[in-house]
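Presented sequentially are two complexes of subunit A, the first with subunit B as partner and the second with subunit C.
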Partner chain A sequence: MSLARFLLRRSLQGIFVIWGVVTVVFGLRFIAPGAPENVLLPPDVSEATRQQVAAELGLDQPLYLQYFDYIVGLPVGDMGTSLVTRTPASGRVLSTLPATLELAIAATVVAIVIAIPLGVISATRRHKPADYGATLFSLVGISTPNFWLGIMLVIIFSVQIGWFPSSRRPVGIGIDAILADLVALQLEAAASGLRDWLYYITLPAITLGTYFTALITRLTRNGMLEELGEEYVRAARAKGLPETLVRYKHALRNTLIPIITVLGLQLGTLIGGAVITERVFRWPGLGTLIINSIQARDWPVVQASIIIIGVGFVVLNILVDALYTYINPQVGEN
Partner chain B sequence: MAKIGVVLILLIVIVAVFAPFLAPHDPTAQDLDVSQQPPVGFGSTSTEEVPVQENGSVVIEDGNIVTEERTVTENTSWSHALGTDGNGRDVLSRVIYGARTSMIVGIAGTLLAAVFGVVVGLTAGYYGGRVEDTLMRASDIMLAFPSLVLAIALVGVWGTAGIKIPDPLVVSGLSETIRSALGLAVGMPETITVPGTVIIVVALVNWVWFARVARGEALSLRGQEYVKAARAVGANNSYIIRKHVFPNAITPIMVLATIQVAAIILLESALSFLGFSGTNLSWGFDISQGRQFQSTSWWIATMPGLAIVLTVIGLNLVGDWLRDALDPDIGGEGGV
Partner chain C sequence: MADPILDVRNLSTQFFTEEGQVNAVDSVSFTVEEGEVFGIVGESGSGKSVTALSLIDLVESPGDIVDGEIWYRNGELAEAVREDSPDAVDGTAVDLRQLSPSARRSLRGPSFSMIFQDPMSSLNPSLTVGEQIAEAVEVQRRASANPRSTRSRTQGYGLGSLLSGLVFDSREFVRSESRERAVELLDQVGIPDPEERATEYPHQFSGGMLQRAMIAQALAGEPDILIADEPTTALDVTIQAQILDQLAEIQAARGMTIVLITHNLGVIARMCDRVGVMYAGEFVEQGSLEAVFDRPTHPYTQGLLASSPTVDGAEGRLEPIEGNVPSLVDSEMPDRCYFADRCPKAMEECLDKPPELPVEDGHSAKCYLAEQEYDPETALPEGYFDE
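Moving on, here comes the complex of A and B:
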């Protein structure tokens, strides 16, 4: 099957999945007790005012019409209006997205940079102290709730040692600001911006990244052990290839392919982890927005957040599948 | 390693079941006189300037209050071995009672998810065709939701109502009699709060893993000779699924269930931490309380977190061992 046909088929499936997510999320609001417009109104408001507000928000329409309107609005980015700020829900979600992406990408980078070498060391020094250390680390890492880890890091590195801040990240520190300084060729400002950025993101990135570091270490170790026992590795060694080449060119490469797929499927876990990490560090991202919106019963924002995450998940997994098919053509055939 | 896992799990289960015997104090009893008391071994001493008192009044010399240096010891006591929280509640007792909530939600949530997921998965895998397609598309949709976010949204919608059931060990007077005989504090909580909504929500966001595994098993079993034979002698499909397919699919389902108990305990603690808790005797809830004292009293958040880590390590060790021993190729979401 050609890559184009594969992509087309996966995209159609992806659209179906997104439709399912939209429908479930839309249904969520209607199993909530109380009328949605009550969020905006004081409890003692008159029935006439209540109906007027409901009409303004389109909540007096029959359910299927509201659903239809919502679906029709989605392709043009209309996801309703926040009940709290009265601004477009999609705008509120998108404005918090960069902070969460910074955190998620930083955590993923931390995880990959630490985990793959650790997994390889662990597999190539099997039953040595380094292997036991790495195995213990990955066991503890996947068993530790990240919100607790975050608090422990704050207690140790912020409260006791004072290396990192325990306060909220101020507005104006971010990748966007650093890039703006770079573009304006203000290198000194960019450098100090980068320092501040690292100062604030280190603990949250470790907090969010530990689970993934542990997971990838474990996957790399197990994958390497499996690959190193394969015939082709023995053949390569028999041929007299240097051990480094055998390990890194052949075994590691084949180990990494399935890991990419696992990471694609773990995006949900990454976002879930980001939600809770943001809570610990009061990070101004999507997770904070979701929790605040759920507590304020601001359903349009909750819906928009979940749908945007769902779209991200679907798109990322199609890309991963395409990459996988490209690397390993056998996959696309069934 | 698996032995360590089994020991950890047994320990937590015993602690959870016999909490009214084991807890040194009522976990909800406040004693503001001893609030934020450190754990044994972590009392600190410092020197402080205190006014010199003579006959109950301060001494003034040259217009200044006369002071002296005195060593102040932050008290610790074996009565509160792991210290106390901000309201003077005993941390150890709260960790012991928190084990109950984790176990109840972990086991009940996994059972509920397993029953639903296995029924759906076996049916889909056995019949194939459109039933199977529908299930697989539904499970694709479920996977696109970040489970924690979906769980928060559902708990946000439904609230976190818990059901109070009487604690048989306390209500029967058994634990109280033994406690008073041993000279321990009496008046332990008479009810156990079962966070019903949380259990339903964690099952709703996790059933899909069971459905996928069960489907895979049914798919490979439906072509087996003995299943064909059963069909040939006229057994109906639901009988075949119950008597022939399910018993042979049980191994991978058990492996998944062990890992899922761990995942659900982590999910419950995350929900409680975020303030969506059906009870305030929960490790996650205590960590969120302890966070407010992170700059002064580290132990309040640390102790319940260690309890979570040990429990989940135990379950993961047993899960890994079961997987290696019984079934090499299944997956499942590991945690939050």
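Moving on, here comes the complex of A and C:
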């Protein structure tokens, strides 16, 4: 099957998934307590004003019409207006998305850079101190809750030692700013921007990435052990291939095929799951926005956030599957 | 007769498992002449595959070669080794057991290579067949650029280039000459459209074609000795004959020595010059094909022959050997002939472990029947070993 057909089919499936997400998210508003118009109005307002505001927001329409309006607006990016700021909800979500993506990608990079070498070392030194150390690390990493780890890191590295900030990241620090400096050839500004960026992102990235790192370490170790026991490894040794090639060209390659899938899917989880970490570090991302919006009953922004996370998840899924067929020749054929 | 190319003396390989020490290969001695096909036959679990892996030093943990000598005749190697470790050299022969692991590894390819039972799982599913054969060629090419050094095999190709190769494309290690050679090798083992097929992945090959590719890969280093471990067992019967013919053809053309391991007496009869019969980790009988097949001395060999359908399709029922192969766990091994409990001709003598006894010139058996007639007087009563 050609890649184009594959992508088309998966995209069609994806649209149905997103439709489901939209419907559930739309319904959530009616389960949650508190009418949206109350957010905007002081408690002692007259019933007439209340109804007038509700009409302005379209809340007096029958449910199916509200639903229909909402759905029709989505393809053109209209996700309603924030009740708090009176600006488009999609705009508010998209403006916080880069910070969350930065965090998720940084956490993934931390995981890849640490976990894969650690897993390989662990597997090739099985039952030696390095292996026990790595196994202990993954056990601890998998069982440590995010919020606790984040708070501990802040206490130790920000409050006690003072290596990293405990304050909210100021506006103007981010990958986009660094890239802009680079494009403008302002290398010094870019370098200092990068320094600031690392200063603020290190602790949140470690917090968010620890569980993930531990998980990938385990997967790599077990996958590697399994592959090293395969007959093709023995055959590769039998033809005189040096151990480095046997391990890293033959065994690691097959180990990484399933891990790439996990990496891709986990990136989606990280975007949605950064809420707690963002809260701990007051990271100016999507998670913070969602929590603030829920507290303010700003339903359009909550809905828009969840839908955008859903879309991101579906797109990542499709990309991971496409990548999988590319790197695993056996799947590509069928 | 010239000196043998391989002279194995008292080779013992053990596995250290949770159930205890397992004597997979128990003090085995045999010789292999240059240019012959030496067969090792036995039931599953008799230690024949472990013997093969011991020769090529691929016994994996928890297994280990614990004792014995493997004398391999190779003048060039003897010269190279003599200086550093004179004890390991005797004339033109070298005791492989005394070489370092890296030196032994460097013999894989130019001296020894091996083909395995299941070609489907013996090739990496995510690399093309051509790439894998080319690797074998490339390793030898790099090694011969500097024969004394084992490091040169990866010259200029360290971990860094490997890891980048994972992300981009890992073909750097193999140069295009090796790739061309791989296509030639595929052609030599009778694979049509070798150029096309070299770019395909193992799952696109049939079992027979894959085993041919494995043979091509094993030939890449122009080995002196090819070890074939059940090369046809996983294949269809019709394909089996083709693969055996292919091996015979290559052996004749290159004067290569083959150590052929199989449980199939038909394969042995078709291919081998000499044969050793393994039981419970020991060689119970060895000699020329004709001697062992026509004048089997050890009752186990006799039983094995009687339990196999003959090639000429003679009438008569097949006679299975009663009982099972012993477990090979050291603590459970009796201090007698290991076959005595299944042997229809067990005698009182058999409670002492028989040594290897000559039957005739070049034919020996680990059985007292090699030098005496079966004596019903001293026969052990039926059920003697049943607790």
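Operating definition for what follows: the second predicted complex is superposed on the first by the 323 of 334 C-alpha atoms of A that agree within 3 Å, B and C clash if a C-alpha of one lies under 4 Å from a C-alpha of the other, contacts with A are read in each partner's own complex, and residues count from 1 in each chain.
The rule is simple: contacts are C-beta pairs under 8 Å (C-beta built on N, C-alpha and C of every residue); 3 or more make two chains touch, one makes a residue touch a chain.
Bear in mind that the values here come from a model prediction, so they are computed numbers and not experimental data.
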item: Combined model on subunit A: subunit C and subunit B, fit or clash; value: fit
item: Which superposed partner A:V93 touches (first subunit B, second subunit C, both, neither); value: neither
item: Contacts of A:A134 with subunit B and subunit C, given as first, second, both or neither; value: neither
item: Touching partner for A:V275 - first (subunit B), second (subunit C), both, neither; value: first
item: Partner chain(s) touched by A:I178 [first = subunit B, second = subunit C, both, neither]; value: neither
item: Included angle at subunit A between vectors to subunit C and subunit B, based on C-alpha centres and rounded to the nearest 10 degrees; value: 90
item: Subunit B versus subunit C as contact partner of A:V159, first or second or both or neither; value: first
item: Winner by number of subunit A residues touched, once subunit B and subunit C are compared; value: B
item: Touched partner set for A:A238, first subunit B, second subunit C, both or neither; value: second
item: Partner chain(s) touched by A:I18 [first = subunit B, second = subunit C, both, neither]; value: first
item: Contacts of A:M79 with subunit B and subunit C, given as first, second, both or neither; value: neither
item: Which superposed partner A:A304 touches (first subunit B, second subunit C, both, neither); value: neither
item: Smallest separation of CA atoms, subunit C relative to subunit B, angstrom; value: 17
item: Contact residues of subunit A, present in both the subunit B and the subunit C interface; value: none
item: Complex interface listing, subunit A residues touching subunit C; value: 230-232, 234-242, 244-245, 248-250, 252-254, 256-257, 327-330, 333
item: Touch list for subunit A against partner subunit B, complex; value: 13, 16-18, 20-21, 24-25, 28, 31-33, 139-140, 142-148, 151-152, 154-155, 159, 166, 211, 215, 262, 265-269, 271-273, 275-276, 279-280, 290-291, 294-295, 297, 302, 305-306, 309-310, 313-314
item: Contacting residues of subunit C [partner subunit A, same complex]; value: 56, 58, 60, 105-110, 113-114, 116, 118, 121-127, 132, 135-136, 139-140, 143, 153-154, 157-159, 162-163, 165-166, 170, 173, 201, 203-204, 214, 217-218, 220-221
item: Touching residues on subunit B, where the partner in the complex is subunit A; value: 137-138, 140-141, 143-150, 152-154, 156-158, 262, 266, 269-270, 273-275, 284, 287, 290-291, 294-295, 298, 301-302, 305, 308-309, 312-313, 316-317, 331, 333-336
